[in-house]
Every structure is written in structure tokens, then in C-alpha cells.
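First chain A sits with chain B, and in the next complex the same chain sits with chain C.
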Partner chain A sequence: MDGGDEGSSVTASHKTVELIRDSAAVVDLTGKVHQLPCCIKYDGPTSVSDYFKPKSTDMEVDGLKVEEAHFRGRKLHGTTIALPEGYSGFILGKKSPEEKNPDCWETRATSRNVTVWNHDDVPSKDDAFVRAFHWFAVSKTLHQTVTAEDLESTCID
Partner chain B sequence: MAWWEGVDETRILIAPDPSTSGKHVGHFLSLRHPKTGNTTCYLYCDGVLQELHWFKQSYGSWFFGDYVCEVLGLPHTDGRLYTATPVDPVFILLPIFEEARMKVRQLKQTLPTLGNNYAARDEKDTRML
Partner chain C sequence: MGSEGLPPLPKWASNPCIMGIDEAGRGPVLGPMVYGCLYCAHSYQKTLSTLKFADSKTLKEEKREELFENLKADESIGWAVDVIDPRELSAKMLKKNKINLNEISHESAIGLINKTLSMGVLLTEVYLDTVGDTEKYRIKLSERFPNIKFVVAKKADSLYPVVSGASIVAKVTRDRALREWTLDETVEELHRSFGSGYPGDPQTKAWLKDHKHSVFGFPSLVRFSWGTCTSYYKDFVEVLWECDAADEDDNGKTNKRQMKLTSAGFTSSKKRKSEEIESSSKGRCKFFQARKLELLSDF
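This part shows the complex of A and B:
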């Protein structure tokens, strides 16, 4: 009996995440995911799109197209970073602990890009947030399967 | 229905696209980090082991459409940018095999007949690989 209970509890207590794409049940927020350079002391729904209206500019820095917007009277400069090929941004939601399966995160919305905003500076390739995206290329190089051609091309003899 | 209905907490995770449309369940596994040996959270989805990283700045918040998410503030908020990227399982398994090999050597010296039992490891998450 103990064995049976343990088996099921291991499965039930397992933390999981449901990743979903191309589904009517999931909202596409591409172009509407913004990283703001300030703490907003609030967490929850609000009418962002009525007040936060990014505009594109003619400016380009380090190959990044600069956008501008205003938040609480301050001018922000931002740039939209496309996610690497084969990746998506998943906005996950966890239900209240009272509901069943509290350790499961569900995909509620997805995005193909992220817009990063600076207050004082225009965006640059040296911004920490922009550089954080270098990890995807590094990780790919580190972990992708090595083919026979790769070995041949790196062979020094 | 708005996407945040019934949701208590939100997170943002950049992860590989699932191979097909529809629901793909990823399992969070606790495995030993190959360098430190500490228990580290990995994600196993679509038959691919992925490592989790996060990035945050001192001050930040998210707009997810018509939703605000604070990066770190209220106890239940966590707006760090999480990423999941594929990791070669060899990195995870090598230290475990290495340790098992040393054990076998010791066992064979003391109890030659028990040498074959080393394979029974107690790490249930490792078995899923």
C-alpha cells in the first residue's frame, strides 16, 4: 500500500509546465511584451495599451531600431528583440493553491519578441538585457550535436 | 476571457518551441549540477533535457499586453526572465558515472561479489533520462 501511495504522490507532486503554441486557447502577445526600466508597485491586469503607445523612430544604434514611448511623463527609448529561431516567449500562469494541481504552470500567452526600454540611454548592443540574449547562441554552440563534417572542418591535420 | 483569469502568479519563460501544436508537458527535474554538485532544476520536455537560467536587472517590470508584472517585489511576484535551453545530457551523466566507477573499484577490492550492484542508483530523476 505504501508503495502505491508513493508512486502516485511522486507524480502528483512533480512540478510541471504545459507549453502550448499555435492554439486558440493561447493569446499571441507578440509586440506587446515590454521590459520597463523601473519598478511598478503593482502586479495584475491594467489598461496598458490605452496609455503606453510606443512609436518607431528613424534612429538606429548598433543595428537596433530605436523606438520611443512615454511612461509617467518620462521619455523611454527601446528596441524590439526578436527571439532566436525556434524559441518562443511563454507567459505562464499558476492557479491559486486551493485549486487542484498547484504545481503546474500553464501557457496563457506567447510572444515572438520582447521590447526592452531604457530611460536615460538609447538602446545599445552593450545593454545587459540585450547581452542576456547572447546566451542562446552560446548554449547552441556548446550543446548541439557534433557532426562528422564539424569534426572534419576543425581537424588541423 | 482574458488570459490572466484564474491565475495567481505569472512568469515569463523563453523556451524552445514545442515540436507540434497542442499541449506539451515539461517536467521539472532536480539533478546534480555537473560543476558544483548542487541540486539544480532542469526541464525535461519533448524528450530534450533543458537547463534553466534567469536574468534580472535591479529595477524592472513587465507589460504583458494589458497586464503588469513586477520583477521582484510582492512575495508572489517573480518577473525574472527565465530561459530554457537544451543541454547535452552527457554533462549531467558524466560525474555520476565517474562516481559510480570509483565506487565499483572500492567495492571490488573489499567485496568482489557485490561489484555488479553499483548500477542501482537512488536518484529517481536521473532515471527519467
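This part shows the complex of A and C:
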């Protein structure tokens, strides 16, 4: 996730990541990005929508609307979290191998939310994933330009 | 809990009543497990034994259907069912704190008794087949319902007509439920030749073989918690759950699965080892540790 503008790129130790959003070229996967509470040792396409059928429930915990689904016989409880204004979710893939730089990532799809699933447990505001979103507010405050007035008001006489 | 065919409380129900409880579909690897009960006034017991109910397994399907229709029409008999969805069976048996099939069965029987009592039926005797240890089960039930006399017996379905009747209610309901089952999955190649659902049935075996999926395992009609399913796991993509990893630690077995799966979901790079995942947030601010946030420079 990054608050980057359209077409921006991030470079870190010979790696490049191209972030594109709001473009016709990338797929919008809003509502289809799921974070499961398990490690699936497979990387590739599969018929998710035919097998994975989340259903909404009447339950609400900490203001989070609870959904339920089953995977490999386990009951999952989840909630869909919208990404805050100014942020976007990016699904990245490595650029084709012909590329000179093998560590070059491109945007395959974007999403405006993510559904986080727990095994058995209902979602709560105390879940690490939900709490990770606190970073946005902290980051914003940390990076805000400090004005003369701010300094003055925090000054201890 | 599913139920149907419950008429307004008849007059006889305020006299002492007996109830039989039996199950259908405990063994099958797919479809629901059904608990059924049948109850009537004590005084009707003699008539009941003339109705030719027998252990449902010894009867042909048409005969069972016929007897079920008869008992439904009989105003001196009450009945109810609890249809336990295969998804519920799998989910409970694979919970972080696993609930075994015997406990699920006990709770279902207890649920049927509660339901009947809350309708106002004066239950004084309940007959049922044993699930697990006979005496322990009887004590468990007697503690829950001190005013009811419980008879827990092996083969109760062939010993007591009221249990035979309950076995017909359960068996017919299970067969119908499976026949009319709406598959959750929307894959085109699904077919409905389930067979009996018993693991040894060649038709059931063929159905399982036809419907296995490398990532999702099986359609949710299948009870994933059944031993039969494990033989197919070699064809499936490996899936690791955090609670299973903890199980292995408890047993003192290998630690190869011991890793923070919550982190593994984000980072699948083979270069990273579990120790790295665990230690990566060490020395970092508590704010990040508590949120399992880490700085990712290598991906």
C-alpha cells in the first residue's frame, strides 16, 4: 500500500516498483482481495469465486461488519476494511523476464479495500491487521511540516 | 437447528411422554448428519409397537418413506429433526479448540430434548442409542435433565420402537437432504452421483475423485475433518494453519512448521526463514511489533 501518485515508482536496492492507479490498464479488484489466516503453498491463478463464497452476517463487532466463509473445512470470520482516502492497494507482479532488470515490479491490479479473515475468531479492532491501519495517522503526523506556530505552542516556558 | 412438521401442542403431550432419539449420516464423508426424535404419550407405546417400525437400516428406502409419511400423519406422534450441515461438522471438528463428533452428537440430542420440552411436552423417559461410553452419556444427560429417565443402550434402534421410529425420521430426512442438496460451489463440472456418502461406497469414492480441487480441496458438502479426506491431501496444495503449527509444538514433534503464519501471508519469499520473520521486529518500536508491521527491503 502506498499513497503514491499515478505513475510514481519506488526504487530500493536495484529494485523498481511501478505504481499505477486509476488507469484503464489495471484491473480493479476492490472487494476481491482476501487476507486468509493460513499459508497456502501455491502461487498462481485458481477459481476463487467458484469456491470461496463469503456471506454477510448480522453480526457487528467494534463497528466492523462480520462476514463468514469456509476454506478447507474451516470456518472463517472476516471483515472488509476500506483503505483510507488518499491510499490505494496495489497488487504487484514481476515484469516479464526479458526485462533487463529482473527485480522490476509492475502494478497488475489495484483495490480500495481488503477483506481480512480469522480462523474461528470474529474480527475485532484489536486484530493486528486492523491495528496496522493506525500507521496511516501516525505517519501523517510524523511527516507533517512543522510550522512556527506549532513550535510556539509546544514551547515550554 | 432445522425443524419441520411440528403441529400445535396436542392434548396428549401434557401427559407423561416417552421419546426416542436416533441419528443418520454419522459415518458418511459427505452431506449432513441428521438427528431425529419421535415422541408420544406413554399410553400410546403399545400401539407404537404395532406400527412395524424397525431399525431404519434394515428397511428398504420405499418402506422407510412410507413409514415416515404414516408417522407424520399420526396425530398421536410428535417428531423433530436437527440437520447438521457438513460445513458445521467440518468447522467444529477443525476449530482451534476442536469439538469431536461425539460432543456434536450429544449437543444435537440435548437440543432436541430442550426444544421438545420448551414446546410444553411432558417428557419423562428418553431412549437413545449410545454415543461414546454408555454410562457417561447417561450421566451427562441425567445431569442436564434431572426430571427425565434416560435409557442409553447399544442398538436402541432395534430394541425400542420409539427409537426405531426416530431412526426412520432421521434416515429419511438425511436421504432427502442429500438428494436435494444445493451445492455452494458454482463450478460447472459438478455432478450429484454422491452414492451413499459412506467412505467405502465406490460411487462416493468416484465422486470425491471427480470433485477434488488442488487449492480448495473439495466442495463444502464434504466433511474435511474425515479421515477419508486425508488420503487425498497428497493431491492438494499444502495449507498451513497457525493452530496446527501450535499443535505440533505441543506434541514435541518437528518444528519445521513453526512460523508466524500471519507474517507468512505477506511474505512468501523462500529466502526468508522463520527465525528472520520472528526476529525482524525485534528492537523495533512496540508500535510496530504490536501491529506486526515490518520494514520490507528484500522482496
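Here are a few things to note about the model shown:
The rule is short, and it goes like this: the second predicted complex is superposed on the first by the 126 of 157 C-alpha atoms of A that agree within 3 Å, B and C clash if a C-alpha of one lies under 4 Å from a C-alpha of the other, contacts with A are read in each partner's own complex, and residues count from 1 in each chain.
The definition used in the following text is that a residue touches a chain if its C-beta (ideal position, glycine included) is under 8 Å from a C-beta of that chain, and two chains touch if they have at least 3 such contacts.
Just so it is clear, the structure is predicted and the values come from calculations on it, not from any experiment.
In the superposition on chain A, contact of A:75 is made with chain C only, not with chain B. Shared-chain residue A:21: touches chain B; no touch with chain C. Contact with both chain B and chain C is seen for A:43 once the two complexes are overlaid on the shared chain. In the superposition on chain A, A:83 makes contact with chain B only, not with chain C. In the superposition on chain A, A:34 contacts chain B only, with no contact to chain C.
Of the two partner chains, chain C is the only one that A:120 touches; chain B does not reach it. With both structures placed on the common chain, the touch criterion links A:91 to chain B but leaves chain C unconnected.
In the superposed model, A:151 makes contact with neither chain B nor chain C. The partner that reaches more residues of chain A, of the two candidates chain B and chain C, is B. Across the superposed pair, chain B and chain C both touch chain A at residues 15, 35-43, 46-47, 49, 52, 128-129, 132, 135.
Listing the residues of chain A that touch chain B in their complex gives 10, 14-23, 26-27, 29, 32-49, 52, 83, 86-97, 99, 105, 108-109, 128-129, 132, 135-136, 139-140, 142-145.
Remark: chain B residues 2-4, 6-18, 21-28, 43, 45, 51, 53, 55, 57, 59-71, 73-74, 76-77, 81, 83, 85-88, 124 touch chain A in the complex.
Across the complex, chain A is touched by residues 87, 90-91, 93-96, 184-187, 213-217, 219-220, 222-225, 237-243, 261-262, 264-265, 268, 287, 290-293, 297-299 of chain C. Listing the residues of chain A that touch chain C in their complex gives 12-13, 15, 35-43, 46-47, 49-53, 70-75, 119-121, 128-129, 131-132, 134-135, 138.
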